[in-house]
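Consider the two complexes below, in which chain A is the common component and chain B and chain C are the respective partners.
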Partner chain A sequence: MTVLRISDRPAGEDVLIALSDVSKSYRRGAQIVPVLSGLTFDIRRKEFLALMGPSGSGKSTMLNLIAGIDSPDQGSIKVGGEDITLLPEAELADWRAANVGFIFQFYNLMPVLTALENVELPLTLTSLGRRDRRDRAQLALSLVGLSDRVKHLPSELSGGQQQRVAIARAIVTDPTVLVADEPTGDLDRQSAKEVLEIMQRLNRDMGKTIVMVTHDHRAAAHAKRIMSLEKGDLSYLVEQRLE
Partner chain B sequence: MPLLLSYSLRNLQERKLTNLLTATGMALVVFVYAAVLMLDSGLKQTLVATGEDTNVIFVRRSAEVEIQSLIDRRQARIIESQPEIVIGAEGAPLVSKEVAVLIAQPRRKTKQASNLLIRGIGPAAFAVRPHVQIVEGRMFRPGSNEIVIGRALAGRFEDVEIGSSLRFAQREWRIVGRFDAGGSGFDSEIWGDSEQLVQSFRRDFFSSITVRLADRSGFDALKARLEADPRLTIEAKRERIFYEEQSRLLSGFIQILGLTLSVMFSLGAVIGATITMYAAVASRMMEIGVLRALGFRRSRILIAFLVEALLLALIGWTVGILFASLMTQVKITTLNWTSLSELAFRFVLTPEIVLRSLVFALVMGFLGGFLPAVRAARMKIVDALRVA
Partner chain C sequence: MNQWLTLVARNVLRHRLRTSLTLVGLIVAILAFGVLQTVVKTWYAGVDGAVPSRLLTRNAISFALPLPKSYQKRISAVEGVRRVTHVNWFGGIYKDPKNFFPQFAIDAASYLDVFPEILVPDEVRRAFLHERRGAIVGRKLAKRYGFKSGDVIQLRGTVFPGNWEFLICGVFDGRDPKTDTSQLFFRWDYLNETLRVRSKAQADQVGVFAVDVVSLDSVADVSQAIDEVFRNSLAETLTETERSFQIGFVKQTEAILISIRVVSFVVIFIILAVMANTMAMTARERLREYATLKAIGFSPGYVARLILGESVLIASIGGAIGIGLTPPVAARLAELSATLFPTLIVSLNTVMLQALAAVVVGVLAAILPMRRAARVRIVDGLRALG
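The block that comes next holds the complex of A and B.
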C-alpha cells in the first residue's frame, strides 16, 4: 500500500492541521470526564507551536489526537487535507509511520537496542534496504550531534543524549509533523536548552511543523507561537504571537 | 538479522532468570516427550530388527507368540518341503524348526526371577538369520546339552555367562558361547539344539518354523497355499511383521503413558510460558506503545511477542533434545508383555523424533505466547504510553 505523505499533497493553503469541533472525554469508572469539547483551531505549515496549560487541561490529549494515536469522540482532524479520524486502524498506523515523528518526555527508547538501532527502527517499516537504513540513521544521529554514540545503549547515555537519540528517531523518516510531549520535562537546564535548540533548527532549517506540549515557560519561549488551553473552558485558547 | 527479531532475542536475554526457568520447564517436557518416543522407537527397532523380510515364520493359527504355538512333526515336514524355500550350501532347505520355552531365572541385581526365553534351533538357524554371529566362545555342538547366550543377557542374570551352567528341564546345560544378533530381540535369548530341548521338555512338537525364501516375493503364494492346506493348522507371517506385532502391546502402553505424561507436563510448561510472556508484556508496555506510535501495526506487535515465545520454546527444545540424546547411552530391560520374556533395548533417537519434539515445543511456545501477544497487540497506544 502506498501511503500519501503530507508533503506530497498539493500545498494549497497555509493550514497544515485543522481541528474542527473536536470533543474527547474519558471514562473514569462510571464517570465520564470531558477533556475537550467542541475544539476548533488550525496549525499552520512550518509552525513551531507550544501548547501550555495546567495538568488535565487536555493538551496531551490534543497532541495525541493530532498525532493519530488517539481518536476523538466527535469532530474531524484534517492533516494536509486528509481527515485522519476516518482512516482505519492499520492505515492510520501507516500514516503515522510516514508523517509523524514522536518525542516523549521520558525519551522512550528501546532499552535493548543501541542508539543507531533505535533510530533505525522506524525505517524498518519502509522499503529501504539495510545499508540505506543504517546510513540514514547515522545521518540523523549526526544532525543531533551524536555521531560518536551510535553503538551505545540508552542506559549508557545521559538524559540529554537519550532525548537527542529520540529526536533523531523522530526525524529519520523525514516526517512533516513532529509532536513532542514535555520533551524537556526530564532534563537539566543545559540539556533542555540543547534539545530545544535542535528543535528550533529542525523547524527553521528543515521546515518541520512542530507541536510541543510543555509546562515550562522557558521551553515554550523557543516556539514561534504559544497557545494556552485552559481548564473549564476547553474551547478558550490564548494565542500569543512571538513574532 | 532483521532488527525486530534481534529485538526479540535481546529482550529474552534481558530477563535472564525468568526466561531461563521458563525454558527449563519447556526443556523438561521436551525431554520427557522425546524420551518416550525414543523408548518406543528403541523397542520397535529391536523387535523389527529381529525379523527379516526374506524369512517366513509359521506358527499355529491364532497363536500370537511362539510359546502359545504348537506345530507337530508331520506339519513341519510339509512346510519344509515347499519350493519357495532357498536351498543352503549343504543342499538342505534353509529351515529352522524351533521350540521356544520360558524359564524363570533370578536376576543378578535384584535376585528376583524373571522370564528368559530358551530357543531350540535347527542346524540351519544361523543360515536363516545371517545377521546372528557367534562373537565369543563357540557354537553349541548339535545333539549336546550345550547352549549359547545372546549378547544382551551379559550381566543381567545369575549364572548366565560362558563357562557356567544353567539347570532347567531336569538337565544341566553348559554355556559355551555368546552370539550377537545385531541389537535385535534374539540378543535377549538363549539358544540350544532344538531336538535336545524338545526331548528335555518332553514335547513332541515345535513352537515355530522359520524358513528363508529364495525370493521375498514368493511369500504371498506360499502363504496362500499353506494356509489353505487342510492338513495344516498354521499361519504364515513375514518374520519382520511377526516380531513387529510383538511390540504393539508394550509400545501402545509406552505411548499412552508417555504421551499422557507429556501432555500433562506441557500444560504446566504452557502456563509457565504464558505467565512469563504476560510479565514480558507488562514490563514493556511503554515499548509497545512507542512501536505502535511509530507506525508498527497490531499484527507486527503480535508477531514480535509470538516470535519471542517461540524463541523461548526453541531454547527449551534445544536443551531438552540435547539431554534426551544422552539417553541413547542407556539400555533398558523390561518384560515384553506379548512374548512374556525379558527384552533389552536402547533409547533410539531418530530424525522423526527430533522433528516431532521440535513441533511439540513450538506448539507449546505458541500456546504460551498467544494470549499475552494478543494482549500486547490490542493495547491502546495512549494507555500503553501512559504507563511510561
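The block that comes next holds the complex of A and C.
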C-alpha cells in the first residue's frame, strides 16, 4: 500500500472526474457550516475509489457533488470533460440518467415494483422498446446473480438481494460512473462481501468507475484507492493495488 | 402497462386501509352532494316542467287570496285565450298532519284538458265526471297509502273547515317522470256546493285560473290583457306564465334552497381537506422514493404527475361509486319522504357536477404535495425517513 499526498494528481486523458477548488457549505439555522473548502482532486477512468472519513467530514457531500445531485458553492466539477456545475437542472437530470448509476445504503428500491421492474425503471427514460428494456433488465439481474428473483417485490428479498437489485438498476443503463453511499452499511458481513465482490467485478471486468463512500475499512479494502476526508480537506489518500 | 400507470395504480393499493377510508369519505361526499343537488333540482321541477303557453292568473295581492269564480267567463273572452280552468288549494289532513300530500279542487273537465300531462284512463275520467264526490289520485300517492278505486277517504279541512269525504274513482299517471303523481284532485263543484251550506263567504271563489293561450307569441299580450280587464276591480289580478308563477312559489323557500346548496358544497370542501391531508401524508412518506427517482434522472414533473395521478385515481374511483349510488339512494329518499319529494330523479347535469367535483377534489388535493415533492432537493429527499 502506498500513501500519496493530495498534490500527487493523476494527469492526462486518464482523468474522468476532476474537482477544482470545490467548496460547499450548509446553512444550519442562522449558522453557515462549511463542509468542503477549496477541494481539488481527480479520479481516473476505471478507478474504484473508496472515500472514508468520520461523520460530518463531507464525504457524502463530495459524492453527491460528483453524482450531480448537489451543487457546489464554488469551483468546477468536470466529468468526462464536461463541467456539470454549469448544466441547468433538466439537463443535469438527463446527464445523470445517462452517466451515473446510484447505489444507496438503504437500497431505495420502489417497494411496489418487482425486482425486474425496478431494474427496468431507468430504461424507461431511454428510447428503448419494452422488449429491449426487459431483456436488458434481465441481463443486469443475471449479472448480480438474481435471475431467479425477477418477480419478487423488494419486501420479499433479503437486504443483500435488495442491494444487488439496486446494483442491477445502477448498471442497467451502462453508466460511466457508479456512486455508492455506504452500500454495505445495512448489510450483514456475508451479504456485504457478496455486494463488494460484485462491485469489484463491475470495476475489473466491465471497467466501471466506482466512487464509494464507506465507514467500513473491510469494505474500503475492496477498492483500488482509498481517500480519507478530515473536516472537508483531503488530508491524504491511500492507493491500494489489488491486482 | 405504462410504468407511470403501474406506479400510480400500485401506489393507490399500497396503504389499503388509508385508501379505503379515503374512498369511503369520497363516496359519502359525492353521494351527499348528488342527493342534495337533486333535492334542489326537484324543488325547481315545477319550474322546469312549466308549459310556456300556460298562464296563471291569481289575486294581485297574494296567491293566498281567492278570486271570484265569475272571472272565468271574462278571462275566456280575452282575445288569444283558448281555454280557462281553475284550481283551489285544499290543504286537508289525511288522518294525521304528518300524512301531507297536495290536494286540489278542480273543474274536472276543463282542468284535465288544460293539463294534458295528467294521464287519466277514459273509464276513470268518466267515473270522475259522473261522481260529485269523486277524486283521482296520482300513482305515487295511491301506492303510498294503498288507495284504490272505490275507496272512500276522509280529509279534515284546514282552509275549508269540516270533514270531507271523497270517493276514489281511479289513479292517474304522469306523462313524464317529472309530473307530480303524489297529488289528489277532486271536484270544485263538490267543494263549492258544500261551502254554500257550511261557509258561504268562501263559496264561488277559486284560487288560481289556468289559461291556455292560442299562440306562444301572444303570451305577453294575453297576460296584460287579462290584468287590464280587472284593473280597479275589488280583486285585481296578476297574470304570469306558469314558469314565473312557479319561480315565485319556489322563491318563498329560497333561503332553504340556498342552505342546501351551501351544505352540498361544504361537504365537497370537507372531503377536499381530508383528501389533501391523505395526499400530503402519502407524499411526505415517499419523499425518499421521489428523491431517488429524481436522482436516477426522472424529472420533477414526472414525480408531480405520480402524485397527481394517484390523487385523481382515488377521487375518480370514489366519485364513480358515489355517482353510481346516487340514483338508488335518491329513490329511497323520495320513498321515505312520502309526498314531500314526488320524484327525485338524478339529472345528467347533476351527474356531471358530481364527476367534476370528484376530479376537482383529486386535482386540488394533489397540488401542495406535488409542489413539495417536485421542489424538494434530491439530497434532502434522500435523507428523509421512508
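Structure notes:
The rule we apply is simple: the second predicted complex is superposed on the first by the 219 of 243 C-alpha atoms of A that agree within 3 Å, B and C clash if a C-alpha of one lies under 4 Å from a C-alpha of the other, contacts with A are read in each partner's own complex, and residues count from 1 in each chain.
The rule is simple: contacts are C-beta pairs under 8 Å (C-beta built on N, C-alpha and C of every residue); 3 or more make two chains touch, one makes a residue touch a chain.
Quick caveat, the model's predicted, so the values are computed rather than measured.
Aligning the two structures on chain A places chain B and chain C in clashing positions.
Look at A:D132: by the touch rule set out above, it reaches neither chain B nor chain C. Contact with neither chain B nor chain C is seen for A:D21 once the two complexes are overlaid on the shared chain. Shared-chain residue A:D83: touches no atom of chain B or chain C. In the overlay built on the shared chain, the residue A:P122 is in contact with chain B and with chain C. After overlaying the two complexes on the shared chain, residue contacts for A:A97 are found with chain B and with chain C alike.
Overlaid on A, the two complexes show chain B and chain C touching the same residues of chain A, namely 64, 67, 69-70, 89-90, 93-94, 96-98, 102, 104, 106, 108, 110-113, 117, 120-122, 124-125, 169. Of all residues in chain B, only 2-4, 6-7, 10-11, 13-14, 286-287, 289-299, 380-382, 385, 388 touch chain A in the complex they form.
Partner chain A is touched in their complex by these residues of chain C: 3, 6-7, 10-11, 13-14, 288-289, 292-300, 377-379, 382, 386. Taken in their complex, chain A has these residues touching chain B: 64, 67, 69-70, 89-90, 93-98, 102, 104, 106, 108, 110-113, 117, 120-122, 124-125, 169. Against chain C, in their complex, chain A makes its touches with residues 64, 67, 69-70, 89-90, 93-94, 96-98, 102, 104, 106, 108, 110-113, 117, 120-122, 124-125, 169.
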